[in-house]
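Each in structure tokens, the structures are laid out below.
Here come two complexes built around subunit A, the first alongside subunit B, the second alongside subunit C.
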Partner chain A sequence: MSTAAMTAPISAPREDKSGFTRDRAVWGAIMLAPYVLVFAVMVVYPVAYGLWLGLNWNSYRALFADPIFIRTVVNTIIFLFVAVNLKFLIALLLSGFFVQQRAWIRIVLVLFILPWAVPSIPTILSFRVMLNPENGMVNQQLFQWFGVMEGPGWLTDPTLAFVCSIFVHIWKSLPFWTLILITGRLAIAQDLYEAASVDGANRWQQFRFITWPSLATLYVTSTMLSMIWTLGDFNSVYLLTGGGPGDLNHVLATLGIRYMRNNNLDLGIASIIVAMPLILPMVFVMVKRLSKGAEA
Partner chain B sequence: MKLVRHFAMGTAVAAVVAGWSGAASAQEVLTAWFTKGFYKGEDDALLAVVDKFQKATGVKVELSLYATEDCVTKSVGAVDAGTPPDVGFCTTYDFRTTGKWAYDGKLEDVSDVLEPLKSELQPMALSTTFLMNGKTGKKSYYAFPVEQQMMHITYWKDMLEEAGFKEADIPKTWNGYWDFWCDKVQGSLRAKGKRIYGIGHPMGIAASDTFYSFLTFANAYNAKVVDENGKIVLDQPENKKAMVEAVKSYANIFQRGCTPPSSVNWLDPDNNVAFHNRTTVATHNATISIAGKHMDDMNNASLTAEQRAQAKKNYEDNIRTAEFPLKADGSKMTNLAAVKTAVIFADAKNKKRAKEFMAFFMKDENLRPFVEGSAGRWVPTTLKAIEAPFWSDGKDPHRAVVYKQYKDGTVPFQFVYNYNFTTVNAENVWAKAVNRVVQDKIPAEQAVDEMIARIKQIAGS
Partner chain C sequence: MKKVLDEGKLILIAIPVLIWTLLPIYHLFVLSISNQESMLAGKLWPDQPTLQNFQIVFKQQHYYLHNFWLQMFNSFFIAVATGLITLFVATFAAFAIARLKVKGGRTIMNLALATYLIPAAFLAIPMYKAMGSYGLLNTQASLILAMVALASPYAIWVLKQASDKLPKELDEAAVMDGATSLQLFRLVYLPLMKPSMVVIGIYALLLAWNEYLYAFLLLSSEKAVPLAVGLGLFLSADDAPWNLLMAAGLLYAIPPAVIYYGFRKNMVGGLTSGAVKS
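The block that comes next holds the complex of A and B.
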């Protein structure tokens, strides 16, 4: 076939300057239309409407004037820092345990995954019941076994309640991140460990020079993703303490609901939008890292 | 031929259906949203009124009954969207929306319906519906006072006796009263190894019980928050000082371990639950619903004979409804009443019929069965109904106390004078101040300063 024949247009009269036929462009648009429509309705409109609702500057003035807001921001930062770091440290350690190929460890792994697999509402509410200071199982046992009349105020002391919220968050999401790190560990070639072992490297040295360098990218990317999810974690705080006692333990994810419950939609939206400067850079860095990963 | 017959038959059916639907659409319709009653008697009485109204007028009433929280949430959404029902009656409108709706011009002026009824209504209850319209700058009647509630003390008489005390031992003075439940009753039960608390004392931010109870404490110290023009007077020295004492008094019950620790997170039903579980000996509660639960049980055919007998014993002998003690200065306690309001919306499609319906509903023979259907949970707003034997014959141990409190006189909430107090209450600045003292251990004076600052931010000066 000649070169001229290969480059001959299918429908010469309809060829445009860019080389695309009008038919192909039309078909492309038709095929794309449903996706664009769904994207516009399900993504663009809700986000744009939310941002539009959040354009009321008086809401932000009112938000910053509310004494509970600054406390909430501080709570959110502490929650984020402690929960994410603790969770990943524990997940890293546990992934080292669960990666071992033994039958009983696999059974334990199945049990370990359960908190993540079951729905949040019943599990977190069961914690709420267990930790009730009067009738909860924990303090009832302290009373029956040790005669402790007034057990710890798990959900009534602000500090303890906050610690319990972080604990429940970690308990709920730890299995997922442990699984992710297990897959990361399984991807490391066993030859490296065998060679290191022959060279006399101990466990710590194997971790330091083989495991960690191989896992670091996954670990950091997962940490960032977890930060975004933790920032939006409503269940752990709201279902356990309702942001209490005394509105002292709200995080940004629950503060919005508090405002909306009080028929104050504007402040609810504003309290969510104030987290955007924190979320957007993380999303940007995340996408950049993932793009690099895809290119590699 | 068969085809022609089928076609003719189909045409005839279509014509009948079209004619019927045409007739149906021609019938005048009135939409009404009500809170679903706690008891079947309430709903039955309401349905009877609706039925009578439909028969009398030929107007179809489309009645929807919603759970308490759903009712107000749905109403707020409908009003914002400009598609409200014609008539709305949710039992939390007064706490949350009536004043604001009136101010924003969202309610129909119902003076023409209420004026002829004025002499039949309790003046305080009526006064709560005389509201400011921010658009006209004038006050007028924008709601119907359907029923009301007050705050009561409820206690287990048998638990009191178990602690070694008689009812006659209960002090009447303010401090003596709380000391009695906290130190003597709880102390005695604890000495017997029982993990029981003297008082179920609502402290939760999200509970309306908390602000109702706290504002009763504020009344006990004569802490005035707003004047009748809605101006904030809490920052005046004598009111501020009284409020500090109220915060101290309210916080003190928690600080001395006299209420279950979980009361800091309580929602509205939780003090009832703790009482029913006999975790607390006494509690304060708006309405006599705690005792009412046992009355409901004693008439509940699905329970066993033993359970019904126990419920009857609880209602008649074991549970007592009582008034609050005397104020801190020794004077008679003020009964804070929440008047539940029905409204006609300004954007309603059928305001004329809505007014007719409400005029019909507010007639004593219609309203009384509805209010009495709540088994004493709601108190009448009409002068005639409260004098009915249901309340005044003294045969029912709980209603007799409610009747006495009513006769002692009632006062309204601040939101009647300044609608922004619905937001103040929703945010529960009162509980927040108490929690600051209890949890953050700041002085009550500082907590009240913060409270005043926040109230001014929300409700103006």
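The block that comes next holds the complex of A and C.
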């Protein structure tokens, strides 16, 4: 009798629970469905179709025969290496500046994030006009201040134009990464620094033994994410130079789109598939890192 | 004395940083209030600042700006639709993965994250092709769908992280009281997730408002394109009226800048926060 009385109230919620589990599975599937549909239609099918088109061996032969392509691969590697490392070096230094507790520095920070907050098209086109070799503001001012009759051909000289597009890319993406590194620095316990300065550690030693070890993981994760995004940056190159002068300054992102706009989809697909050996390992590592982050 | 020296050093860093950051934006502003003549002279400040460019833009009195207001409206419509649909798709998915623990949910989230990590310009090419086979090219639906697909992975990821922070006991208590999954969603989950949902909705909205590449690929009719593409048309002109472009560009850039500043604190960090913690 007493056992029955004890089990009865326990078994009732147990039934509820299994009922709920079924309800849960059904609604879980229904609620996940919209995303799965978007994912299938917009990502899985296009990527699978792209890979299938990418099996066409002839397009790679045509690709490697195109002199612009080899130049583009070299450009892309230089762009990635210089832009990402330079950006993170500057972001690392600037994050040290911005964590200083001053009211006026907070105001500087608010202005500093503007490039990140505004859309690319007006600002990059503003660069383009400003750097115009003939009547752009930069060369006109060089003439007025320093009497330079013929200022540098910022966008007409191939090397300079390439350097400029790297700078525009950094201009646009620097604020975001600086903010990330500021967040990282603010997470470091302040008493570590206090203890270190009591022990007589100088600025460099504090950076070397406290800041850097605490920031290293974040720095590496961010660098990798930034590499992937930099590889996909079309705007900085296209809006500033259009890949020119003379198609000398394309990166894979702009070249792929250029092929496609010229109705040469196979070459467009091939030109992005050649980057896969670089991208896939990074995507794999990043997904692992990020899903671990989501777990924590 | 040392303090003054320190402050001096900081100011020496601040000045070049500000010049570097603000120069192109200042230049954008200067051109927008310059007439053709002082624009071509590359002046630091126009001789006779004028609001005439804005007047021309407002009244659509230039060949390139005939559809300015329509394109502004298109930008607005595409951004709001992207924001709302992303919110709908991502909130449901995050609830199913984080709270209902639906089977395969984690795998789907990881696959979604992988999408987020495909370089944007690379995904654009096969997506364009797919839009062609769906017969959606040159419709705004194609751009909205593309933007939802690009915004959802991050949105789900952020919402999943926020959901995990909600106490499990809430769900358990509700289930004990006999709540169904739907009631759990409506009465427990939604009210608690509101702040994260606002951030995600705005993130998706801004992503769509600022997008250029996908818009430029997927839409071509002058009446259907958002303002970003409308402004990009100036690129094809031999002697483009850059001052008009800059005036229109300024109007296009102000709304997202205002929104960013309003939500600045919530917009950073997300993806790398896992790395900050470890």
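What we mean here is this: the second predicted complex is superposed on the first by the 251 of 296 C-alpha atoms of A that agree within 3 Å, B and C clash if a C-alpha of one lies under 4 Å from a C-alpha of the other, contacts with A are read in each partner's own complex, and residues count from 1 in each chain.
Methods note: a contact is a pair of C-beta atoms (placed from the backbone, for glycine too) under 8 Å apart; a residue touches a chain by one contact, two chains touch by 3 or more.
A quick note: this is a predicted structure, and the numbers were derived from the prediction, not measured.
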Contacts of A:Tyr45 with subunit B and subunit C, given as first, second, both or neither: second
Which superposed partner A:Asp266 touches (first subunit B, second subunit C, both, neither): neither
First, second, both or neither for A:Asn235, with subunit B first and subunit C second: second
Touching partner for A:Leu114 - first (subunit B), second (subunit C), both, neither: second
First (subunit B), second (subunit C), both or neither touched by A:Ala65: first
Subunit B or subunit C, by number of subunit A residues touched: C
Partner chain in contact with A:Trp171 - subunit B first, subunit C second, else both or neither: second
Partner chain(s) touched by A:Asn135 [first = subunit B, second = subunit C, both, neither]: both
Those residues of subunit A which subunit B touches in one complex and subunit C touches in the other: 135, 242
Of all residues in subunit A, those that touch subunit C in their complex: 13, 16-17, 20, 23-29, 31-32, 34-36, 38-39, 41-43, 45-47, 49-50, 53, 94, 97, 100, 102, 104-105, 108, 110-123, 125-127, 129-130, 135-141, 171, 175-176, 179-180, 183-184, 187, 217-218, 221-222, 225, 228-229, 231-235, 239, 242, 252-254, 256-257, 260, 265, 268-269, 272, 275, 279, 282-283, 286-287, 289-294, 296
Partner subunit B, residues of subunit A touching it in the complex: 62, 65-68, 132-135, 143, 149-150, 153, 155-158, 241-248, 261-264
List of subunit C residues in touch with subunit A within their complex: 10, 13-14, 17-18, 20-25, 27-28, 30-31, 39-44, 88-90, 92-93, 95-97, 100-103, 105-106, 108-115, 117-130, 133-134, 145-146, 148-149, 152, 156-157, 160-161, 164, 175-176, 178, 180-182, 185, 209-210, 212-213, 217, 228, 231-232, 234-235, 242, 245-246, 249-250, 252-253, 256-257, 260-261, 264, 268-269, 271-278
Complex interface listing, subunit B residues touching subunit A: 76, 96-97, 190, 195, 197, 203-206, 257, 260-262, 264-265, 274, 277, 279, 423, 426-427, 431-432, 434-436, 438-440, 450, 454, 457
